[in-house]
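Please go over the structures that come below.
Two complexes, one shared chain (subunit A), two partners (subunit B, subunit C).
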Partner chain A sequence: MNDWVALGQFALNGLFTSSVYALVSLGLVIVFGVMKIGDFAQGAFYVLSSYLVFTVEQYAGLPYGIAALLAVAVIAAISWANGQLVYLPLRRVGIGQTFIGALGVLLVVISVLTLIFGTDAQTVASPWGSYTIRLGGIAISAQKALVIGAALVLIGVTAFLLRYTRWGKALRALSQNEEAAALTGVNPAATRGLAFVWAGVLVGVAGALMAPVWPFEATSGTLLVLKAFAITVIGMGRVRGVLLGALLVGLSETMVQAYWSAQFSDLIPFALLALVMLLRPQALGPDEGRSAPGAHQVQQAIRWPGTVYLALAAGLLVLLSPWWAQMDNFWLHLLILMGLNVIMVSSLDLLTGYAGIPSLAHAGFWGIGAYSYALLMMRWGWPFPAALLGAASISSGAALVVSLVGLRLRQHWTSFTFIVGVIITMLLTDFETVTGGPNGLIGVPAASFVLPGLGPIILNPFRDKLGYFYLVLALVLLVLWIKRRIVRSHMGQALVALREDEGLAQAVGVPTERYKVGVFVISCGLTGIAGGLFASYLTYLNPQFFTFEKSFNLLVMNLVGGSASLLGPVIGPAALTLFAEWTHAFNQSIAEIIFGLLLIWTLIYLPGGLIAGSRRIMRKIMPLAPASLPK
Partner chain B sequence: MQRLTRRNFLRALAGSVVGTSLIGGWSGAGWGQAVAPLTVGVLLNQSGSTGTGENKLIEGIQLASDVINEQGGIAGRIPVKLVLEDGRFSPVEAVNGANRLVNRGDVGFVLGPLLSVQALATQPIFAAAGMAQIFFGSAEEFTQQHESAPLSLRYSVQTSIEMAPVAKYAVEVNQQKNFFVLAQNSDAGRSYAAALRAALKQVGGSFIADPEFYPAFNRDFATLMTRVKNSGADALLMGTGIPVEILGALEAYERQGLNPDQVGFYGGIALANENFFQHAGSTGRADGFIFPWIFDDGTDPRDFPRTKPAKQAITMTQAFIQRFGHPPTSEGQLTAWGWGGLQLISTAITGLIAEQGADRLAGMKPVGELPRAAIGYLLEGAAPDRPGRTLQTTFGDLGFFSCGQADILVGAATYKHGTRWLLRDRKWAQALVPPLC
Partner chain C sequence: MMTPLLETRRLSKQFGGLLALDELSFQVQRGEILGIVGHNGAGKSTLFHLITGFLRPTSGEILFEGHPVTAWPPYRRVRRGLAPTFQQTRLFYGLTVEENVRLGCFTQQRGGLRRFLLGTPHRERLTMQRRVNEILALTGLERFRAQPASQLSSYGYQRRLEVAIALGSGPKLLLLDEPFGGLSPSGIEEMGQLIQTLHDAGLTIMFIEHRMKSIWSYCSRLFVMSGGRLLIPQPAREALHASR
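Our next item is the complex of A and B:
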């Protein structure tokens, strides 16, 4: 094969990949227009469509074409139902909650598929057999050609619908200004309903057509939808933009594989997205939106003095110290991990709850802190306390760079942090000379320090669980105290103003940009401390600890526990740790289905989280004096 | 014979908690009387991408446990009780599972994990607790860390063992010397690439280009396979253990019009994986692909004189047929791993009883003392360059090197007309295997 023929083959491969991305991205664009969220559940619907084709062919014996049509119809219906039952109720609560809800749906569907079909890869026979279309030395399977053709047709149909039909115009109006659209006679409910259906059709077609092309298993759609989300943002939320974005990403990925290294091909869409965000942030479309104001009213209804909380907690912990000493080692282990989560969620809450700028990069900064600690100890022989502070500093430094760069984005901050988190994880995996790469780092030193009067103390994380517990506990209390100080300070008030109405805050002279940078740096610094502690406790690091799933879990803990509070970020990790322990003997898929459903329920019916729910109960038991209630 | 269902496991767990508290642990119950069982922890993934395969491992362990208990227990007197912890394909869950096992206080032996990242994360936990660990991961680091984890044994192969017959067969038999390597961007993938390179160097083969490390779970190999075709390579290595990746690569390989005569398709033991066998091996799509074989129960057709298979292999296969009505599937090696792991523990304890007497062993603490004695028995006479005591296992008669690596050799195999076919025996490529410690 000569070089030009090879280039032609790569270009055709890239066109095929772009087609798949375009189909899924279009679905995201449609939902984004009405819901203002990245609908990650589409990733699950994509692979569900493939499984439906497989099931109908295998068990009903129907031909591929009929199976595919049935799959598309079912996915369209499921997408509509998901929109009505999950997204619309969550939308009333807030954008962040809706986004988490979408991830919850993704988790539930993946778990159901795993429960039914197991983890083995499945394949569907191509209806064309091994028929391959050849043009000179360039080859493509008939099914892949069909995918390209279908993508072009559906892109055209979607563009036509959006431009020339009543529904399309209504959708565009709704995405611009919902209230104004309603005043002009647009029916928001019907428009949204059709949007969910059409998005389901698009992703259903993608999954059905791809079933005979690639082997699939339950999680096959997850990375695909992440890339499609990146393309949606690159494409500025418009059909033409998505088409161009999909072409750009698909071709770039292919060319990177062809002429550079397959190792970096997954980084491409995210790096491109970051580039677009940086160079043309003003073209990224409507505001991500903030959490609905109502979501915070419940927290503000009762404001008990945090200092009292902390003092009580510290006193209680001291009194109970003989009990800790008798505690089962496994529960001490769980409490240690829970304590680390409390530190991270508390620091995240400064962003999510107080500043209203949720971050999906926290696991990445946790990883930066962990690896920094390990390298400072192992390569440069730093003592433990200095290495821990070094970890915090390096995480803060990285956060400073990220925030200075990302602040230009303003409205798409959360999306940007998501990209940053993904990139950090990939970098931890790929730069093995520094991080050990996929093999990880073994033999990370444990905690050791000198206490006045007690001399040097070296904690063995496997034998000195109690010592580690006290260490983590001390740092938890310290972090909670720091958070409390920040919240009660001028900075804290500025953050709340920023959250409620950034424009107004700026108008009255609050330097919002400076405070956003400041809170992000502080938050990531505290997370870096947790990373160092984690590294010292486990004595082994691997990039697999610091993935997007962990960032998602932290955000879930924050929302479930209750944001913009001192205790919410303590209750959230506690609740999820206990839940995980309660379900550890269950089949994992069943446990995740229960978790996903409970998560969605909590987001809808306890919008302020568990802390808000408990406060409602306490209010009934102990009504407050009138002066304490909000005006 | 009870299957290890969740209900039975929970019942057993409850019973063990009560039983342990009543008996008061290990010591004090002489082995001439009613005996406290030997509690063995199993830390493997029942879910996640490797769940299907690891459940076969668990199946083998359970089968061995049932057979041992039917015979009255280890040495005819010590029943085995299994405690299963699901690693859930997560290193953190594996750490939690390890901590649960340690916390029980009655688990002296652990089988697993399989995944390297989980094994690396849990090895120091078990080492600190004085628990013996027989694991199945392939990362090179294990044997390098043996000093800090002297009670850990690897009853599995390293990639350097796997790649030895693959390299030799490619170059000396198939005359295919120029390899293009596609490997997962993970510790396993990189290890495969390095091991193949080292083996090829000894037989006159080489890489035609730098290995391509693709992201894990990649299924689209169209572009990479175009590069393979365009490179002039006459052999391709798929350095991964994940079936969905191999199936994706196979699809692209076929679409490029490639066949094993033009560009040989070579891989590790994952080409014997049940999922791959179902979709490719048994359908003839993988005819001519070359991969290492580990487990032999004497039933596969072969190109070399049939030797008597390992006694443990026959016993295991017969027990499997009796239980399930059919022989182990193409993943017999996974079942054999599990069976063999538990049998090693049984062998050690039986041997110690024979050498030191039952009473002496009965007086040993189940955590720390007994595991140390057992591992010491298995490693007796071992050196870095010479395995110790010869043991009967599912993979033949073998010993362990002093760094904890089993002296397992593998042969070369292929598929012919949808059936596994053994091409060369275990010792054929022995000279290419580097020092393992």
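Our next item is the complex of A and C:
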């Protein structure tokens, strides 16, 4: 084949990929306009659409065209219902919670699909068979051509709707300023409802048309929606920008795959995104925005358990040692996992709960800690305590670089951390020579140290669960103590000021940038310790442990337990680790469905988490004299 | 002659094609209440943001107690004794009134490893509490101390709390951005009295305002701004007459 013909072929393939990206990204842009969140649930709706086509064809025996139309209609309805039932109630709680809720819906739908259809990839036969359109030496299957055609038509229709119809104008007004739009006679509820419907249509069409092109499974939409989100940010939230972004990403992915390597091609959208964020941070579409004064959750003046209580708790735990000692390995294993989660969530809470800096990269830094520990031990033979400290330092160092870069982005910080998390996982997977790639590292050395009076101790993670339990417990107490000291110190004040209002924090003399970097570095360092401990306990590592889903889980544990407190991030991980173990006993998918639903329920109905809920119950049981508040 | 507390030298600020401030030079003397009035777009807010450090000038210099602070970020100026409030009221809405004032006192507290490990010494905590109480008493917010700032009933109280937060850092110069804006006539009077009280306690105060009529009696000197320049400074009463 002639070089130019090959180039043409690749360009056409790129155009095809771009069409899919454009459809999904447009859906995201429309929802972003009214909700100010990346609607990750659309990733699940995309696959759901493919599965609907599959089911209708397979079991109702209807032709592909009708199946596709039905699927689009159903997806539009589901997207609408999701908006009404999940996003709107969550929006009253906060933007961060809406974002988490979207991820929750993604998780639930994927699990439902896995439960019904299993993990095998499914295919749908194309109505055109293997008919290919040829233009010179360039070929494209009829179905792919249809995808490109449909994308072009839908892009045109969307642009027309946004520009010339009442709904489009209302939508644009709403995305600028909700109150002002309402004053000019825009009906926010109806406009929003239609936005969800139209996003559903776009994503539904993409899913239905893609079903015959590639085999699909329940998780097929996840990476797609992540890329689409990156594209919406690259395109600065505007229709034209998003189309350009989709084209840029689709073409460069195809070209990199064709001429270089398929290894890193999935990184491209995120690399482009990072580039845009660095070069033009000010132009990245609308602010994620501070919530209005009225919408603030009033933070209870938090009564911290004093050092005395912490010491009492430690004493109690030691007193219970005979009880631990007779526990079987299963429970000890569970307690160890709980302890590791408590360290991670407590450190995350310092960042998210106290300083109000959300992070979706926390599991990534946990992974950096874990891999650093493993490599320091395996390659350079560092002693255990030194490797653990090394893991914390390397994690902190990475956090320092990330936060120094990310600080410039201000309101796009959340998206940035999300991308950082994705990139860390990809790097762990792609740098095979160092990290062992997708196979991970095997044979990570376990903990060994010298205790005064007891001599050298080598812990075997399979036999000495009790020893490991004590080690983890000691570190949990240490981390909780550090956290408590930070919160009570001068720094704690600065963090709260930062969370409440960054501008005002500067006006009372807080060097906000320094504290932002500082708390990020400390938080990631603490989670790095948990990473090292985790590596030594598990003795093998795999990039899949440290994906953004894990970061998401950590955030959930934090929110469910209650943020900005000492006990919330202990109760949350403990409860959810137990819960996960209990539900895993019967079925992984059911477990995740319950988990996702519980999460959404908690976000809507128990905004302060379990800790706030239990305080409320305690107050009902033992009503203290209510603090008299003068009017 | 004593160095002025605050001095600007040929301060200019250009936004694209718009010259918001045009080589503006003026001084704030210790112990005065300086008002700057002007219509919308006169450059008052720009001047204010340049002094607080939230904007950087295109050219010119700002000196505080004779030290150039032009390139300093806002928090450094606060530490040096320059405390601002905002035109649109900004409070730590999620916290109680008392916690707001406590955060205002941020620069008065000390960090360091020893305090991190052992906690703040009891005596320091007492001093801090006394300071918070004094500020609450001075601004008349004592009875609201346990109330969340977002639930402060009147706008006048919110503005007072804003001043209380600014007082926390122990400023030498209090910068108020339209402190009377949006207040009722009685609210204006109360704010004026508060400013007078603070002045009597030895504080130098500078504020900007777009209405002259209701506030001229509260300042010792009044500048009128227009088109990014200052009209000739005069004592307040004469300025009022001149503008008529």
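Quick note on the criterion: the second predicted complex is superposed on the first by the 603 of 631 C-alpha atoms of A that agree within 3 Å, B and C clash if a C-alpha of one lies under 4 Å from a C-alpha of the other, contacts with A are read in each partner's own complex, and residues count from 1 in each chain.
Following the convention adopted for this analysis, contacts are C-beta pairs under 8 Å (C-beta built on N, C-alpha and C of every residue); 3 or more make two chains touch, one makes a residue touch a chain.
All of these numbers come straight from a predicted model, not from anything done at the bench.
**Q** Name the contact category of A:579: first (subunit B only), second (subunit C only), both, or neither.
**A** neither
**Q** Please work out whether A:491 is in contact with subunit B alone, subunit C alone, both, or neither, and reply first, second, both or neither.
**A** second
**Q** Answer with first, second, both or neither: which of subunit B and subunit C does A:510 touch in the superposed model?
**A** second
**Q** Now for A:9: first (subunit B), second (subunit C), both, or neither, which partner does it touch?
**A** first
**Q** Does subunit C touch more residues of subunit A than subunit B does, or is it the other way round?
**A** B
**Q** Once the shared chain is lined up, is A:117 touching subunit B (first), subunit C (second), both, or neither of them?
**A** neither
**Q** Name the contact category of A:330: first (subunit B only), second (subunit C only), both, or neither.
**A** The first partner, subunit B, only.
**Q** Going by the contact definition given at the top, which residues of subunit A touch subunit B in one complex and subunit C in the other?
**A** Touching subunit B in the first complex and subunit C in the second, no residue of subunit A appears in both lists.
**Q** Please give the residue numbers of subunit A that touch subunit C in the complex, ascending.
**A** Residues in contact with subunit C: 293-294, 296-299, 301, 485-486, 488-491, 493-494, 496-497, 499-501, 503-512, 627, 629-631.
**Q** Spell out the residues on subunit C that touch subunit A in their complex, using ranges where they run on.
**A** Counting only subunit C, the residues touching subunit A are 52, 54, 73-76, 78-79, 83-86, 90-96, 99, 102-107, 109-112, 115-117, 119-120, 143-144, 146-148, 150-151, 153, 165-166, 168-169.
**Q** Which bits of subunit B are touching subunit A when the two form their complex?
**A** Counting only subunit B, the residues touching subunit A are 6, 9-10, 46-52, 86, 88, 91-92, 95-96, 99-100, 102-103, 116-117, 120-121, 124-125, 127-129, 139, 141, 145, 148, 182, 185-187, 189-190, 212-215, 217-220, 222-224, 226-227, 229-230, 243-244, 247-248, 251, 254-257, 274-275, 278-279.
**Q** Which bits of subunit A are touching subunit B when the two form their complex?
**A** The contact residues of subunit A facing subunit B are 1, 6, 9-10, 13-14, 16-17, 114, 118-121, 123, 130, 132, 139, 141, 213-217, 219-220, 223, 254, 257-258, 261-263, 265-266, 328-330, 333-334, 337, 429-430, 437-440, 442-443, 460, 462-463, 538-540, 542, 544-545, 584-589.
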